[in-house]
Amino acid sequence: MQTHPKKLLVIIAEAALEKLLIKDARRLGAHGYTVAEVHGGGATGERDADWEGNRSIRMEVICDEAVAQTIAEHVLNSYCKNYSVSMFLADVEVLRPAKF
Amino acid sequence: MDPVVLFFLLGAFARLAKSDLRLPEALYETLSIYLLLAIGLKGGVEIAKHSLGAVAPQALAVIAMGALLPLVAFPVLRIFAKLSHADAGNIAAHYGSVSVVTFAVGIAFLTRQQVAYESYFPLFVALLEVPGIVVGILLAKMGRDAMAADAGSSPARAVRWGPLLHEVLLGKSVVLLVGGLIIGWIAGPQGIDPFKGLFFDLFRGVLALFLLEMGLVAAGRIADLKSRWLFMLGFGTLMPICFAVIGIVLGKALGLSVGGMTLLGLLAASASYIAAPTATRIAIPEANPGLSIGLALGVTFPFNITLGMPLYHAIAQRLN
Amino acid sequence: MDPVVLFFLLGAFARLAKSDLRLPEALYETLSIYLLLAIGLKGGVEIAKHSLGAVAPQALAVIAMGALLPLVAFPVLRIFAKLSHADAGNIAAHYGSVSVVTFAVGIAFLTRQQVAYESYFPLFVALLEVPGIVVGILLAKMGRDAMAADAGSSPARAVRWGPLLHEVLLGKSVVLLVGGLIIGWIAGPQGIDPFKGLFFDLFRGVLALFLLEMGLVAAGRIADLKSRWLFMLGFGTLMPICFAVIGIVLGKALGLSVGGMTLLGLLAASASYIAAPTATRIAIPEANPGLSIGLALGVTFPFNITLGMPLYHAIAQRLN
Amino acid sequence: MDPVVLFFLLGAFARLAKSDLRLPEALYETLSIYLLLAIGLKGGVEIAKHSLGAVAPQALAVIAMGALLPLVAFPVLRIFAKLSHADAGNIAAHYGSVSVVTFAVGIAFLTRQQVAYESYFPLFVALLEVPGIVVGILLAKMGRDAMAADAGSSPARAVRWGPLLHEVLLGKSVVLLVGGLIIGWIAGPQGIDPFKGLFFDLFRGVLALFLLEMGLVAAGRIADLKSRWLFMLGFGTLMPICFAVIGIVLGKALGLSVGGMTLLGLLAASASYIAAPTATRIAIPEANPGLSIGLALGVTFPFNITLGMPLYHAIAQRLN
Amino acid sequence: MQTHPKKLLVIIAEAALEKLLIKDARRLGAHGYTVAEVHGGGATGERDADWEGNRSIRMEVICDEAVAQTIAEHVLNSYCKNYSVSMFLADVEVLRPAKF
Amino acid sequence: MQTHPKKLLVIIAEAALEKLLIKDARRLGAHGYTVAEVHGGGATGERDADWEGNRSIRMEVICDEAVAQTIAEHVLNSYCKNYSVSMFLADVEVLRPAKF
């Protein structure tokens, strides 16, 4: 079975950004995304989901390296200044490269 | 103090004492959906009994009040608290809009005191949701453009009014309140009868449960007070009193009963914590949500449901 | 139109207007558990008042109807809509089974119109859940095997009937309906009394809330109509009417009241959206769930609770 | 058997038959919050009618019982079952504390049998939550230190009593029970009236729903019985009977009614599955939670609500 | 502290497949699995969990490379044609190699 | 856009440990954490979240390699003997290295 290298981009952010992030990712070349509801804490304090404004999401996008870079850069420039956002990239392999 | 407030205190105590008591997120959402819908339904049934012609001029005046309140709050925040345009506009948006749960506690208070009020008040709640938010955001944005113009730079990313208006007008609080009003109005007293078991008989109990949760949440916001607690305690109590007086005086001018004056004062004094935070977070990214929510949930909400409510009622009685 | 339907329309409006209103998943599940259990309990209490001997022949006829309906739908779907065996069998399974919430709306309608019906009807709902699904899957599979035989290739992966029957017979809708029936039957009218506050008095309100959610969901399925909207609108309304007539005629033959005839027609016309999708997704992997759910939730459910219900009642009155 | 128990059996059946029926986590939490609060409120209203002076000596005796029960269970578990200090202390903590839902089923039983009981009993439930847990953990820890001393090694990681006491005293069950008691007590019968719709009228129905869930959970614990089923069935039924007798005798000594004796026996016999597991999991890491929960939820809870309850009532009647 | 290389296999799929995927993974050599409830979107449209048939799960299996390959291949052949499934593999390190 | 290597430490554990794990991670140098509610199964049986004691969490910490090692070792020594815990480490890249 042959595998193909792709990038996994993970964005942890305020739930308020979900719709925007999905739209941006699609626009910048992502073929799909997966979102989990999470809670957490970081530099801007605890985000423990105790009410609506305090919810966080973890969004995963599998895509080509170039797309991942574009999305990451866009998120960095558009949201990281004013919103609670964490991001990381990882190398992954997929079986159906055309899908992602 | 209405026993319903005791549930709020229990929640606040649990949080401050670091109890592991938590209400599931889904319950919080469910209770808030229930309260919005139930208040709307009740109001709709009552509107069915009145002629809309009589209510319309009052409704217009109430909308105008909602649009004007942020214009009062904004300069106060700019001049006395030296907040940025973004923060001042953001807070003004929260206080220009209303808190539905505060309204529900007010109803409970008046019912207990056997004070009558205009039964179509839920209509006013729905009408007050949106204008204050729009004006608050407008203020934040105008300030921003002015600043950008001063600095000779290009204006900051413009607010996209289309999506924003869509978001506030079709936010869940407006949809459920207005939806409930319309359903109640169409169905009328007989039609709504089979739903009374859920939406009316349980109302107070559900409100109690929701206040338990609000206590947990509000007490969690106290951390937000840390850096500016003097300003926040001051603004979070004095501004509501100020707004309450405006609301009460307007109520008198509109010929409302003492109960109605009290409720309009309470609505003016209350700060939104559902519609406003959602809308402003996207529309005014530079604003610090800790500040606005710390004020609205951490100071003004507890103040209004404990000390504010009887105070506004006393003022309304005196002014009558 | 029953006011309960207004809640459905509110939900549908909210979704179509892209409101951010959403009911938490846990609430959706809770309401559906409640409705199933409450309908079962109510039916069980009523069965306790009747002799099972009288009901048994009717029950057998009802089961037979459930097994026959897919045999009507399948050729229609194969010949007129040119669907694959898998898709035709899958849709036939959905329409062969029943929608409990449609039934609940029917009860609300009859109660409002003060039309009497056989009070042990929840038993028939439980009996109709399973047979249609089994026959529908059988049809999908037979077609598949025939095709494989034609092509001279080995038959496709066989349906594993053991796990499948287990899944439908012990799916949550059957367990809760039948469980409720049995508990209601054992406990009897007096025994069930302490539970009336929750399970009976709140029933209509909870149904309203669930219909709000169904409106959100059903409107979300409209995207599924895109590619084949003409077929879907046609089949999703004409097939139910056809099935309703079958149910009504059978009801008459069984000596049911007009209310009972109407309800049996409605059950025949309704399409399952809990038990059937779950079972067929695994048993008929090749079937397109967008098609079956688009039909059942996006077309037939709204049609039945708005236009279908009064139509079937009118037909039942005429045929009586 | 009370019909409420049928819901438990339905849940247990569904799980054992591998039905896909599941109640959402949020519902489980919501129901348990509701039950704790409702029991507290009811008790508080009743306490408002009594003089605390009369109740105080009984309360002290009840606390003492809670602290003594683990001292009975611990040696039994050490000597007959040859369990480690950790496991014996852990199980003793569970049985020293109480199960609020068992208590609720007991109330339902007595109400149905029209047996009166001291209406301030919820106070005793709250008082019994904590002492047994603390003593159980103490026993586990003393044993551990003794062992470590025997072996000449340094004592194991000490229990941190500050956080532990904080956790049990401010765990959600104590906060909600005591909070409900206080609110009910302050509000009094009139003040609590608007909340009756939710907290009192629905109580039995909610209990039924919760028992459905408990049936699912308890039947899921049966896997834990596998390795030591003989010990677990024995201990899980005989120890409760033993404790029930202690409770009943104490009830008689305190001058309680037959209903009160039965309830005190039932509380003694019941094993905690909310507060105790949470506290001991951190305080006694070496203890096997499968053992304690398998016993408390898988054996003793079902036993108490089915066979135990009538048995304890019969014993109380005889001893009276 | 010594770490040992393993593979992480992540399968994002319709919730209806959960039981089957767990059984298959166990049968093909996985010692355990972890599942989160997620929502997302891809080639087959948005799966926003608004009703039962629209729920998705994200299943994680830590295992040897060979086991990961076997499971991935099996999922590809058995489910990817008729169900919404995304999959990827990543290199991870663990402390207790015998556990996974 | 320049990326910087970091470690991702993932800890899957009984929900009862959440507070302790967060405190420990912070103390040992993590700048933040993200938690998702999960269910799963492993050597100690199925943990299907059907009641409170049966809940599991998946905690993610992005940090320097040394910090990840310290936290992992601490968790191994403190909790793995008596609690259900799985752990793995992965290489990731971030855009703002100072944040993590």
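To keep things simple, chains are lettered A, B, C, D, E and F as they appear, and every chain counts its residues starting from 1.
The rule we apply is simple: a residue touches a chain if its C-beta (ideal position, glycine included) is under 8 Å from a C-beta of that chain, and two chains touch if they have at least 3 such contacts.
Everything numeric in this text was worked out from a predicted model, so none of it was measured.
Engineer: Go through the assembly and pull out the chains touching subunit C as well as subunit E.
Structural biologist: Under the touch definition, subunit C and subunit E have no mutual neighbours whatsoever.
Engineer: Both subunit A and subunit F are touched by which chains?
Structural biologist: Chains touching both subunit A and subunit F: E.
Engineer: For subunit C and subunit F, let me know how many angstrom lie between their CA-based centres, rounded off.
Structural biologist: One centre to the other, that is 45 Å.
Engineer: Subunit A to subunit C: how many Å between their CA centres?
Structural biologist: The separation of the two C-alpha centroids amounts to 40 Å.
Engineer: Using the touch definition from the top, which residues of subunit F touch two or more other chains?
Structural biologist: Residue numbers touching two or more other chains: 36, 90-91.
Engineer: I need the residues of subunit D touching at least two other chains; which ones are they?
Structural biologist: Counting only residues that touch two or more other chains, subunit D contributes 22, 24-26, 201-202, 278.
Engineer: Which pairs of chains touch each other?
Structural biologist: A-B, A-E, A-F, B-C, B-D, C-D, C-E, D-F, E-F
Engineer: Spell out the part of subunit A that touches subunit E in their complex, as residue ranges.
Structural biologist: 1, 3, 6, 8, 22, 31-36, 62, 90-96, 99-100
Engineer: Note which residues of subunit A are touching subunit F in the complex, please.
Structural biologist: For this pair, the touching residues of subunit A are 12, 36-43, 56, 58, 69, 72-73, 76, 80, 86-91.
Engineer: Using the touch rule from the top, collect the residues of subunit B that touch subunit D in their complex.
Structural biologist: 3-4, 6-7, 10, 13-14, 17-27, 108, 111-112, 201-206, 208-209, 212
Engineer: Which positions of subunit C touch subunit D when the two form their complex?
Structural biologist: 24-26, 29-30, 33-34, 37, 166-167, 170-172, 175-176, 179, 182-183, 186-187, 191-192, 194-199, 201-202, 278
Engineer: Could you please specify the touching residues of subunit E with respect to subunit C in the complex?
Structural biologist: 14, 16, 20, 45, 48-53, 55, 79, 81-83
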